[in-house]
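Notes follow once the structure below has been shown.
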């Protein structure tokens, strides 16, 4: 499964180079994986309410082209790795005319409410495994 | 007491007009009042750890001139009102050559850990009252 | 005309009180008025490309209740004042179950490319005047 | 040369996990390299005014531990690679008691005012080469 999320560029997301500031793509990656989880039937706010957090342990992004105010970008998110204690998501941010602007990934570690690394609980792991194309 | 806080403009804070985006002054107001509380000997993180929150109930800002990347601004903060259940802070953001860029205020309501409006606890109220020039 | 814009709360928009940080409503106001202009047939990126900016001169917000991650808010925007050199927009941010979370307004001054205050050009003024319920 | 920059955590930088949201470290990296350039005698705003941009082409960060509101972090920045058309900076973000919170790097490509990849102009290249420990 690849989840697509459309985001109109916010003026606040631009910078003095008249393009979207690079830090915002990291926030868009997050919006992308929240949408991915929602479509997979595992809303991330419910995951957290169950006492489990998929905290970010690594972020990587390559910037190939720029988005500007007035553009609407599409964030394409997929689950690219699934382990007993962590996951990896891959992202592509697509701009006008289907141009690839940014790609990247994030790694996440499962932690419990006290902040300790934990195994992803079996029901959640099963739901993630069932996603088409997972890991 | 007026607390002054120097902040170099971050590139991420600029927008496509090549000036600081207006939303960042609201964040600078917050940095200003955190500095105010620190100088008053009442660090806000300690206030929160005591179970009390001074949550924002109102924000007002007037934008008179712009800051740019490369500038360092000064946020001048004072406690302008003190009531049993809330406070008001006033702000001035000063740019290069002492120019007033933005002024404004925020109002805050005291709430307890369960989110209910509460009286400001007497020790904290006394500390706030003792600040020179308070409300 | 009242323009409604739906925004799922981003995790990045929350703060340590587990609610949306107050500065983000100012950014949502902006997203709301961009949506308003788009629906009015006057996309703001086109306004800027014509050499005119509606720069923010004043922001006001009252915070009545909180949004959280997992919520989707609706920003309701209307043009509440129209003058030869400026406009005012009013906003309501509505949360779950139709609850009013935040209301506020922004004032804007028309400036030209060199940063001088200017009259809103007649074609744009006419378009704004034609909006149902304008000022 | 390693440039150190002290940053008190802003409340707006925290998220609902009560720690600094991971996207802010990317903004802190930027503040770190701006400080690096300033100490190297090449303020980045002057570089831009000369018509040259060191645009971000890649970002990488590993998250090892968390910062919280009330903490002051130190960003340690060094120039780790210097090429005719680009540079790389490495970062460490240090928290309380000297704990390494996050490390990472950014790559930058030199572009001119029209957005084309360009050689770093010889005077700037010489200044960068002269930095102790550069690439």
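By letter and in written order, the chains are A, B, C and D; residue numbering begins at 1 in each of them.
Just so it is clear, contacts are C-beta pairs under 8 Å (C-beta built on N, C-alpha and C of every residue); 3 or more make two chains touch, one makes a residue touch a chain.
This is a predicted model, so every value here is computed, not measured.
Among the remaining chains, B is positioned farthest from chain A, on the basis of C-alpha centroids.
A comparison of the A-D and A-B interfaces places the larger number of contacting C-beta pairs at A-D.
One simple way to say how far apart two chains are is to compare their mean CA positions; for chain B and chain D this gives 27 Å.
Between the Cα centres of chain A and chain B there is a gap of 33 Å. Centroid to centroid, with C-alpha atoms defining each point, chain A and chain D lie 23 Å apart. In chain B, the positions touching at least two other chains are 11-12, 16, 23, 27, 30, 48, 68-69.
Chain C meets chain A in the complex at residues 8, 10-12, 27, 30-31, 34, 43-46, 48, 68-70.
By the touch criterion stated above, chain C contacts chain D in their complex at residues 11-12, 14-16, 18-19, 21, 23, 68-69.
Chain contact summary for the complex, chain C toward chain B: residues 16-17, 22-24, 26-27, 30, 48, 53, 55-63, 104.
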